[in-house]
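Should a chain be cited, it is by its letter among A, B, C and D, assigned in written order, with residues numbered from 1 in that chain.
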Amino acid sequence: MTAETEELAEQRLLEIRTSPHIRSPLATPQVMRGVLIALIPASAASIYFFRIQALLLILTSVVACMGVEALCQFLLKRPISVGDGSAAVTGLLLALVLPPGLPLYYVALGAAFAIIIGKQIFGGLGYNIFNPALIARAFLMAAFPGRLTTWLEPFTLKVVGSVDAITKATPLALMKFYSEPTPLKNLFFGNVAGSLGETCALALIIGAAFLLIKGYMDWRIPLSYLGIVFILSALIWKFAPGSGSPLFHLLSGGLLLGALFMATDPVTSPVTKTGRWLFGIGAGLLVIIIRNWGGLPEGVMYSILLMNAVTPLINRLTKPKPFGAAK
Amino acid sequence: MKRNPGIIVDFTKGLWQDNPVFRQLLGMCPTLAVTGKALQGLTMGLAVTFVLVSTGIVISLIRKIVPRQVRIATFTVTIATFVTLADRFLAARFPAMSAALGPYVPLIVVNCIILGRQEAFTSKNPLLPSLFDAFGMSVGFTWALVVLGCIRELLAYGSIFGQSVLGTSFEPWVVMALPPGAFITLGLLIGLMNVIQKKKEARGKE
Amino acid sequence: MGEIQKLVLVFIGAALVNNFVLTYFLGICPFIGVSRRLGDALGMGLAVTFVMTLTATVTWAIYYLILIPLHLEFLEYVAFILVIASLVQIVEMFLRRSVPGLYRALGIYLPLITTNCAILGLALFMVLKNYTFPQAIVFGIGGGLGFTLAILIMAGIREELEYADVPEALRGAGITLIIAGLLALAFMGFSGIIGG
Amino acid sequence: MKNNLQMIAVLTLLGVASGGGLVFMARYAEPLIAQHQEESIKEAVRQVLPAFDLAREKIIKADGQKVYAEYDDQGNLVGYAFKAEGPGFQDKIFIMIGLAPDLEHLAGIKIMDPLKETPGLGEKIKSEAWFQEQFRGKDVSRPLKIKPERPADVDAITGATISSQAVTRIINGNIPFIKEAVKRGSGSEAPEQSP
């Protein structure tokens, strides 16, 4: 970088600083309430499939997130803003990405991690770099890999903590390790093994439609994200039919939940329109890479976290450039 | 007798207010890499102690005859020599520990604590203060590594120095043995040390 | 496994799966110290990549063509650190004379690089992993680019956080290390790619 | 001029002292280190071959790698052992592979140090003994198949599918090499007496 471009970089820096972090014209509580409403179908579906365990998991996660948030704000002497609903959204999203059989102790631990490390140490809402629910899940995944990859067959969990629940691999794992396809109908309605909120595609689509109509969600990220996954998995499917059809890849795993409700988080995704396209494309590419060549069957969580990490760089690249800026 | 308080300060400053890890942020690579278990942290601490003290003695003795132009080269060769001695000794006598520490023992060569101390202190001071300074920094470095190692080992394996503490019902947090656990624990510890230091300063002012 | 495929795996391994900073903890000092501004981070990253590639080439030759045939393996560390130190000096002089533009961009980072443990770490890991000559070069490039990626991401995040209300005790090194931890969590998604 | 002389003198002196120290250390350490390595190899060979008591050994060299042919005290061939390596989930995995004299059956395998797989997950390929045990006596005239594949010869560890598959892949990939080396190398060296 020459001295000249460095100077321009300085200008760009100043330009970003002038409008710090006002990313959504809508008030936080209003949007959060909208997101909570949009997640009702998915939550209801999870309670239908996994019964009281799902309900307990959701309650624990939401209550823990809100409690820890209030405690943190009290200790850091910040205004207490649990009422804005953002902690509740984090709690609900965290519950929806956890396996149904997870003991509640781990759920509470994850919730504490989401709020403390994922959000409050960055300065609270609006400053966090990573999606708090996903970073907490990544933490749990790294801490308790066995528990976070033990999935239950729907309807088999009758009593909390009972041992008669039947464990089953997720459709993506069945495909990757056993080359065993899952009927698309099951994927669409959600009668498969997986985390609480990811199994029922129908419920997720209904919720997302609500957010879109209300104008709470930018369509660019989901469209580019899902589009890239669809196109690339179709291409790969043509050469390697064992990899799963494009529809299978769209409906299985956490892709819909991630693309519709997590990647679209305005705080952790780019502010510019071009940036959002880039975010979606990058996340889609990463999902395809991890699902096809990585060690893990699913890559949605990591794809979004990695794109969260480069979001500041994307913002920097796609900000309108001042006069004469080098490309 | 008049010098003694100075010497004591040379020693104690490394323990807390100039602690190489928590305050000066030096030698981060081994601090993060080998503290998955407390014993590994202790061994690394002792290896650094050996190198720091030995190079301290040599450099403080020869500092007057070394021409300025080749100062850094002299320091580097001296350090690399003692590091090799420490590394080969570990490999010969404690092969399992040597394998666990891997390339992080030879990496002491580029540990900023060593070269930094020789540059900043030993090359300007006589033998005795240099020795106290080197010991102080080493003990400060070692206790930091052991603390980090204890916390990580406790959560990642439920034990401290290989002794089971939390019992069999405790489910280990695998992440604490992995890089993310290292980074996050050290980050939080540095924050904690800052809080303690601030409290101390506030009390000192009153 | 074909030779090219092996090289690709070495590259992905060095840059992503076993990222020098996030998995091997190498080059933490510049990673914390020079990641406050994006421009500096880029300069540091490129300088490190440049020196790492050279180091891989030269230390491989020294180790396998001189030390091993002469049974002087015990001089490994002394030889490596001297080679790296002189290499950095030579690069600095060469750039200043012949490529002043590049020197202005990278020059100030070069002296910092001698004690950057990523460089010596590269040489040590290269020996440990028994790499062939082409593999060693790819390892150097991949490791350097992985370092650049990590430090760029970190600088982007830290610039973004400039006005964030980070608890005072964590400002600076504390929050940087924690972000590095979260990044390391995200990079775990790449695990297993080298096994595929 | 005086300065230059002093510079040369100091550097030479330092070089001599440093070199001397290192040579002295190398004299002391290298035999011990070599002994440790030898022992760890021997230990692994002993574990993958049945009833092997270090009677006689022949080392077949192929492409710079060593295949150990082991004999009992009557001079009967007990089996072959070879230290193989390949990519795992996080890093390389090293495996001592033991082959029966017929070259068609596995005598046993041992996952060697350093094992860098994820603690609590991939690392189970070593810590859960049954995983390595199940390879004993398996027919390797064709590549082994691991659990998700059917019909499976061996079980994968739940939660460590990738590492389990990596082990199988490394074994499958190295058997042809060992066979080839043994066939090419046999008879070229007489069995030598172990110390």
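As a working rule, contacts are C-beta pairs under 8 Å (C-beta built on N, C-alpha and C of every residue); 3 or more make two chains touch, one makes a residue touch a chain.
Here the structure is a predicted model, which means the values were calculated and not measured.
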Greatest centre-to-centre gap (Cα means) from chain A is with chain D
Per-chain C-alpha mean nearest global C-alpha mean belongs to chain C
More contacting C-beta pairs: B-C or B-D? The answer is B-C
Whole-Å distance, C-alpha centre of chain B to that of chain C, is 22
CA centroids of chain B and chain D: separation to the nearest Å works out as 35
In whole angstrom, the CA-centroid distance of chain C from chain D equals 30
CA centroids of chain A and chain D: separation to the nearest Å works out as 43
Residues of chain D that touch at least two other chains are 18, 22, 25-26, 30, 89, 118, 120-121, 162
Multi-chain contacts in chain B, i.e. residues touching at least two other chains, fall at 73, 77, 80-81, 84, 88, 102, 174-175, 178, 180-181, 184
Multi-partner residues in chain C (2 or more other chains touched) are 74-75, 78, 167, 170, 175, 178, 182, 185, 188, 191-192, 195
The chain D residues in contact with chain B across the complex are 3, 6-7, 10-11, 14-15, 17-18, 21-22, 25-26, 28-30, 32-33, 36, 40, 113-114, 118-121
Chain B contacts chain C in the complex at 25-26, 28-30, 32-33, 72-73, 76-77, 80-81, 83-84, 87-88, 102-103, 106-107, 109-112, 115, 175, 178-184, 186-188, 190-192, 194-195, 198
In their shared complex, chain B is touched by residues of chain C numbered 22-29, 32, 74-78, 81-82, 85, 114-117, 119-121, 124-125, 128, 167-170, 173-178, 180-182, 184-185, 188
Touching chain A in the complex, chain B uses residues 171, 173-176, 178, 180-181, 184
Chain C contacts chain A in the complex at 38-39, 42-43, 101, 104-105, 152-153, 156-157, 159-167, 170, 175, 178-179, 182-183, 185-193, 195-196
